[in-house]
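Below are structures written as structure tokens.
Next, two complexes with subunit A in common: one pairs it with subunit B, the other with subunit C.
Our next item is the complex of A and B:
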């Protein structure tokens, strides 16, 4: 009754506003404005600190196409995306199926250990992998020496052909456990009776995986796949920034690390932001593509 | 058929164990290496440390300033969590429970915010703060916004608002309205209902967002690297510098000790709350 009286309703409005305003102001100042600025700045040439800001329209974007370093960073990003996605998701799914279906002894210990990289910072992971890949005193080359496989020793982070794959290994190492746990929780909700019935019909574990598990967590899989594209673009940047700095000679440069370099090292803020817009459009496009390509009738149980 | 099954089980153990070892061995190796003396880093990396060379830790804490950076990280993380909870809880509560004009728009903005990653907007945020500093040069000649841990934590809080509100709103909606009505009948004000009735009930969701935001703030280094370019650094940026310095000097002890200083607090926390963390992830706390 009192709710409908005018005085109460105004009090309502004040309360709502007081609750919302701090969050909205923070969100607007540090997220909406900067996001709009990325797009606006991409249309200018600007060194950042000088007042000299020249409007060039889509000029920055036209320049991207002729920039060999950008093209290389683009190729590296795509290569990392494809390889890391396939390996991480494939292995993650497989491990999750084993852990939920086979009831391994010590399951909780395995899950605990595999999730550890997800709580570590990217700098720590970069430091760990620098130590593993270190040419002289690293764990990897040291092990190869120990096994008398000296011929297989490599300059993991200094070789233009190898450095990208070394980064890919670190990325998989970081995200495998996270996705495994995610799939495990999806698979845990599949009713046991379905498996029992199919086992009576003589279905093998492998058959069950493809005929039951995979279709039933398909929606879960779709979401993570879309999500993976976004996070892999970001992870590759942070890892490259901490681990290789894009080197040697740009051979491990990825899109966002190139953006960062153009902005801070080269003071080409406008050009850097054009790269940012391109990356955003790219990851948005890939997500859309993935979501389209994996569309199925949702199955229920 | 049966032979495959019989061979399959040990094989899965071998496989899972191998993957678990691939994760545990490097982390354990770092812990061991942090106790080695300089001379022990040459030769095989598989040798155990000869003694407990704790000097590495003293060097890391004092000479490499990791102790000081540790303090900055704690400050920034705690402040960030306080900010984000203080602004997100009321906002999420109101979005979940009140009818008001523009609610749909606010919800849409928050949803869109989930897709804006900080890595894209860190450059404009930096330039904006530099601009504010220049505008206020008369009042603060040394600058105020850049190199300010308080501002850094405010940026952390702001960028995690969409995720936090998203999770809290969903949780508030799942709480029956009867509790609020009962409290209102007993004469509680709107504020009292929110703080004394709803907040305690939302504790599980609150714990989840605090956990995930803690990890995000504590582990961040790109924003900290950009917004604290001066002497005061966070632990992650300090470790990055230590990495560059120690590699150039081929002196690894301090670096490994520094890594342990960064790793151990998160590992301890993770061990304590792993169940919570993993359940939180399953309940929609997905964040990358």
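Our next item is the complex of A and C:
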């Protein structure tokens, strides 16, 4: 093997840099600059069109604290994130463990059925759930009627106490299959011998799940958890826009839908960007929190 | 040498990628003026614009008109406008969700079109102003700053009021209520037959109801006071009366109203009129086209009525929705744009528009209408009924404050019992005061 000269190594470096340059330029122009712009514009009052931009410093952020609708949107977002994350991740893990460890008949069919929602457009999902939640002819109220549980029928998208949870159900349905398949692939790579050895020691399926499966896919779980929390912020926006428009009377408003309304329909672009910065900071904080809370010594097999 | 070649080629490829993303040019250079027109494809369809533009190009060979038309035209033109490339003429009214027209009004970014009113319609002897029906300009819709200047020209006009099934009323022998007491009495009578008195497609449609009610209750001056955020206007007895009547009316709302009052399901609320499940809903004349393929009760026939008068024999107002045409102040071809706008009011253009049921506010045009449209526009012939044009005055944007949402969307909470009338009034007072301070 020949040893490369410093000049040759430098030449390779330049070549690598030159290859990366287009991507770096694009990344800077389309990601870094716009992000910095959001931070900059959050310090102004501006409609988005006019050349008239007035610097207000942190004034937009001070207004946010007094804005009851923003606080409500924030609470809704946090509630959705907590509930949808816990239910999706918990159910996803549970189903993945069953699909991987149990000899279920028709396993492929179940996997297919659960995965299908992940490839559907969110707007299609909104349409499906509008039909399911329809107060008169919907599947949900229809089933309750069939079971003679008429008292449990609800106006799912018209009740201010229920509408957010109706959106949450749609979010779980959309995401569950995707994460289940991710966990199944992680679980499938765990050597069978470990389970066999633990079975000989008398470990039950539940014990195996908590003592073997969960620790060995922990890194997988951490990554998907952070990824899911971030994507749930976006998903909640699209579903709310398509299903409820934030209503009735703002009861299902989430952070991004409120940001959209302020920036694009209330001519308060700077204020909208301040909400954007709040979403950025919130997402960053949640990611950090998830990362810290789930930090463990990685186990390998 | 080789290294610099690599660097140069990389830079060129980066630049190439960037320029590949840039917008296309304006296509100028042929010697012709290229007029860029953006229009909302509303219920009237898109063909009428293509035909009007063809007719215009035939009489103006030096002008090339490029049309961009879409059901969400705001999304199509906004990115370019943010980059400083404005269309020359835009046909888009107020009251749209994206509120592009309102935003440009707030920014004072529209061209003053008062000269168009004084200009002769191309190919005709009369001026645009002479051809327009009385009262259609000079209100807060066309003159949003309350000055003598007109910034948005009224393109089409249509009455908005309470729509109902004439056939059902005839079948039951019911009369359209002439007073609010009769309205509520009818509500009780209908309830016994499991028919609701009132619904709305989404709460936003309550503009057709509220604006007329405010004028009915307190007269035009009171209406203007509300629209211009006069201090304490929402604490007046008239405002309370309007909210009292509405709260009482909402008690008779169809139970399905709130659940369907969203973008996905609003037609289900409209359908309840066609199914004889509900008697009245606020709407505009476009609802006929929107529901043309929907199933309906036997003998169904669309009817339109103004709200009952608050005082017996008193004046009634009918909210008149006006779609607008305007020219951005930053447009490149403003003179050509103004001439084109003037042409839109020519007999030639009006005939093309009318064929698609797009009725322009030109004197005498309503007399040539037929069918349902003729019935709807007859409402203006009633001596006690007056057209009410315009809405809330434009102010500098106030972060977190949307008075239309406060006025209309709260109806959902009143029906469900999540808010009281007092909370509604307090929220309106608060929003109005903030907008007043912003320069209403």
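Criterion: the second predicted complex is superposed on the first by the 271 of 301 C-alpha atoms of A that agree within 3 Å, B and C clash if a C-alpha of one lies under 4 Å from a C-alpha of the other, contacts with A are read in each partner's own complex, and residues count from 1 in each chain.
As a working rule, a contact is a pair of C-beta atoms (placed from the backbone, for glycine too) under 8 Å apart; a residue touches a chain by one contact, two chains touch by 3 or more.
Quick caveat, the model's predicted, so the values are computed rather than measured.
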Clash or fit (per the criteria above) of subunit B with subunit C on subunit A: clash
Subunit B versus subunit C as contact partner of A:126, first or second or both or neither: both
First (subunit B), second (subunit C), both or neither touched by A:95: first
Subunit B versus subunit C as contact partner of A:33, first or second or both or neither: first
Which superposed partner A:22 touches (first subunit B, second subunit C, both, neither): both
Which superposed partner A:205 touches (first subunit B, second subunit C, both, neither): first
Touched partner set for A:156, first subunit B, second subunit C, both or neither: second
Per-residue contact with subunit A, leading partner among subunit C and subunit B: B
Touched partner set for A:242, first subunit B, second subunit C, both or neither: both
From 44-52, 98-106, 188-196 or 242-250, the subunit B stretch with C-alpha clashes against subunit C: 242-250
Those residues of subunit A which subunit B touches in one complex and subunit C touches in the other: 11, 15, 18-19, 22, 26, 29, 48-49, 126-127, 130, 242, 264
Touching residues on subunit B, where the partner in the complex is subunit A: 1, 5, 8-9, 12-13, 15-17, 19-20, 22-27, 29-30, 33, 41-42, 44-46, 83, 86-88, 90-91, 93-95, 98, 100, 106, 109-110, 113, 115-117, 119-121, 123-125, 127-128, 130, 154-155, 157-159, 161-162, 165, 190-191, 194, 215, 218-222, 226, 236-237, 239-240, 243, 247, 252, 255-256, 259, 262-263, 266-267, 269-271, 274, 277-278, 281-282, 286, 288
Residues of subunit C that touch subunit A when the two form their complex: 3, 6-7, 9-11, 13-14, 17-18, 81-82, 97-99, 102-104, 106-109, 202-203, 255-265, 268, 397-402, 405, 409-410, 412-413, 416, 418-419
Subunit C-facing residues of subunit A, complex: 11, 14-15, 18-19, 21-22, 25-26, 29, 45, 47-50, 52, 60, 63, 67, 69-70, 126-127, 130, 134-136, 155-160, 242-245, 247-251, 261-262, 264-268, 271
Residue ranges of subunit A in contact with subunit B within the complex: 11-13, 15-16, 18-20, 22-24, 26-27, 29-35, 37-38, 41, 48-49, 91, 95, 98-99, 102, 104, 109-117, 119-124, 126-132, 137-139, 142-143, 145-146, 173, 176-178, 181-182, 185, 204-205, 224, 227, 230-231, 234-235, 237-238, 241-242, 256, 259-260, 263-264, 269, 272-273, 276, 279-280
